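Notes for the one structure printed next.
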């Protein structure tokens, strides 16, 4: 349209076109839109490619089989992440805490065992804990279906300042027996010890 | 002036008035109210009366015009400064303001045409960025959780687990009918929430030796019932997540409290816990 | 993250972020992602704004009420539409424009106020403008019925090439005076503008 455009004006037009196009545009299409011969277009694009490598540019011009496209420089991904990604918020809810304690003290443990203790399906809690990196698969149980055995991660142990699972106070079978006895006793007394029992568990419920 | 056979449509009475003023080449500050009113009336009489809503707006203006016309015949009122009040003044102000916005609309239109020549971009987040998952900050996640606390949680889990198993075992052969009344549970939930306005469903079940299924179900029904009457709100952030219950302090709640005596049967003893 | 970034590196990061984001990004968000204080960020953005005006750039940095965005320069429109399809624009009838200008200049404004100025019910026009994303609810008037207050959106600024509502000439009494003079002048020309005035409203009679 203009009589004699400067190369700068052509470069600007190419930038505008590629910016708005989003995807890649064939060099031939650019040449015809800008009324340039293909060779000239190619030369300009090559020169532009170099200019985009300058320090103060955040985008770069890339060629993909005779098509050209603008894209974000990978160097700036980190900053971009900080803008587009909402920081995740993780909380150990009561459910997660409960499940985590089971894995911690009974590891290696299958999901079925966890569910048996908790009395409810625990897929969600187990998945979340795995996602959070608190527990992980530590093997498979040699049983039908070869269920996954879960254990706590090293990161988890480290954050408590302990180096191995051995250091966790184990809930031994005897302890479980104790609990059963305790429970039976209470049943016998029907509500006599209720007040004490009622207090203990409540304390943790607000930890979520 | 005759009304054209094919009536132009106007946005509203002000638009029509402006049109009449302009096509009559009238000074807007000195509107010959009789002429304009006549033309205006002629126009609305010729208008298709299909839309009453539109018609009514034109009629309101007609009334205004007639009122001005009448006032023009009377001796002019004067304001505090002794100046005569032109009965047309308000109308003129309105017409000018309306015209101003019409003018601004035209300016906006021009700007839009200009701005339409700029192109924006769709968001194009690189795959690596989109799929990036923030690493877990273990320290933050663990927070103030200690081994002692974890241990306590575990003991509590075990205890409840045993509690759950035993009644079943001991119940073999002699299946007990568990009497749980909804009314009692409602009053229990109310009492608990009054002491602790924010709690969880789980906590409502705590302190109960025997968390029979019926107990859970009836407590849940009690919560639903109280939710329905607006006494509490319930929040669950994710599927299978904790159900949080919050007491709504409404004056209505107090009257109801009296209706349900606090010292009921069975379950109410937990209130002391 | 880096010890000491050059301003060029920051400019590059801003370009990368705005290019990828597509839409506008708040200055405050940029500042926090780039770990700059808001004043510094603002200065850099202003300098960038100027740099984009250079001849060989096809895009420009625009401010939309404390947010920033990249868009193509209007100068390249001709070349652009040869390659890139024009995004579909909805038609703004006179009625809509008129209503929009009232909202733009008098915001925040209730529907009742709009109707008082226009002398006609404006539900349809207001709803359409909301639907087009040009105006939105910005609050409620502290009056009986708590009527909705409308204001213009960021998309309005974009569509009309305005950086900020502040940029719009406020419909002040003086301006109305100016306009009166203009109207008087027009009267001097007696009916010169008549043709346009007579035609304009007819088009959108269906909007009423």
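Chains: A, B and C, in written order; residue numbering restarts at 1 for each.
Everything below uses one rule, namely that a contact is a pair of C-beta atoms (placed from the backbone, for glycine too) under 8 Å apart; a residue touches a chain by one contact, two chains touch by 3 or more.
Only a predicted model underlies this, so the values are computations on that prediction, with no experimental measurement involved.
Participant: Using C-alpha centres only, name the chain that sits farthest from chain C.
Facilitator: Centroid comparison gives A as the farthest chain from chain C.
Participant: Identify the chain whose mean C-alpha position lies nearest to the mean of all protein C-alpha atoms shown.
Facilitator: If one averages C-alpha positions chain by chain, the most central is B.
Participant: Averaging over Cα atoms per chain, report the distance between chain A and chain B in Å.
Facilitator: Centre separation, chain A to chain B: 34 Å.
Participant: When the C-alpha atoms of chain A and chain C are each averaged to a single point, how far apart are the two points in Å?
Facilitator: 38
Participant: Return the distance between the CA-based centres of chain B and chain C, expressed in whole Å.
Facilitator: Chain centres of chain B and chain C, defined by C-alpha means, are spaced 27 Å apart.
Participant: Scan chain A for residues touching two or more other chains and write them down.
Facilitator: If we look for residues of chain A contacting two or more partner chains, we find 16, 19-20, 72, 80, 84.
Participant: Name the residues of chain B that each touch 2 or more other chains.
Facilitator: Correct list: 119-122, 124-126, 129.
Participant: If you look only at chain A, which of its residues touch chain B in the complex?
Facilitator: That would be residues 16, 19-20, 22, 71-72, 74, 77, 80-81, 84-85, 87-88, 90, 92-95, 97-98, 100-102, 104-105, 116-121, 124-125, 131-134, 155-156, 158-160, 162, 168-169, 171, 175-176, 179-180, 182-184, 186-187, 191, 194-195, 197-208 of chain A.
Participant: If we count contacts the way the header does, which residues on chain B are in touch with chain C in the complex?
Facilitator: Residue list for chain B touching chain C: 8-15, 18-19, 22-23, 25, 27-28, 51, 53-54, 57, 61, 94, 96-109, 111-112, 114-126, 129.
Participant: What residues of chain C sit close enough to touch chain A in their complex?
Facilitator: Where chain C meets chain A, its residues are 1, 6-9, 11-21, 25, 29-30, 32-34, 54-59, 70, 72-73, 75-76, 78-80, 82-84.
Participant: In their shared complex, at which residues does chain B touch chain A?
Facilitator: Residues in contact with chain A: 119-122, 124-126, 128-130, 132, 134, 136-143, 145-147, 149-167, 170, 199-200, 202-203, 206-207, 209, 238-242, 269-270, 272-273.
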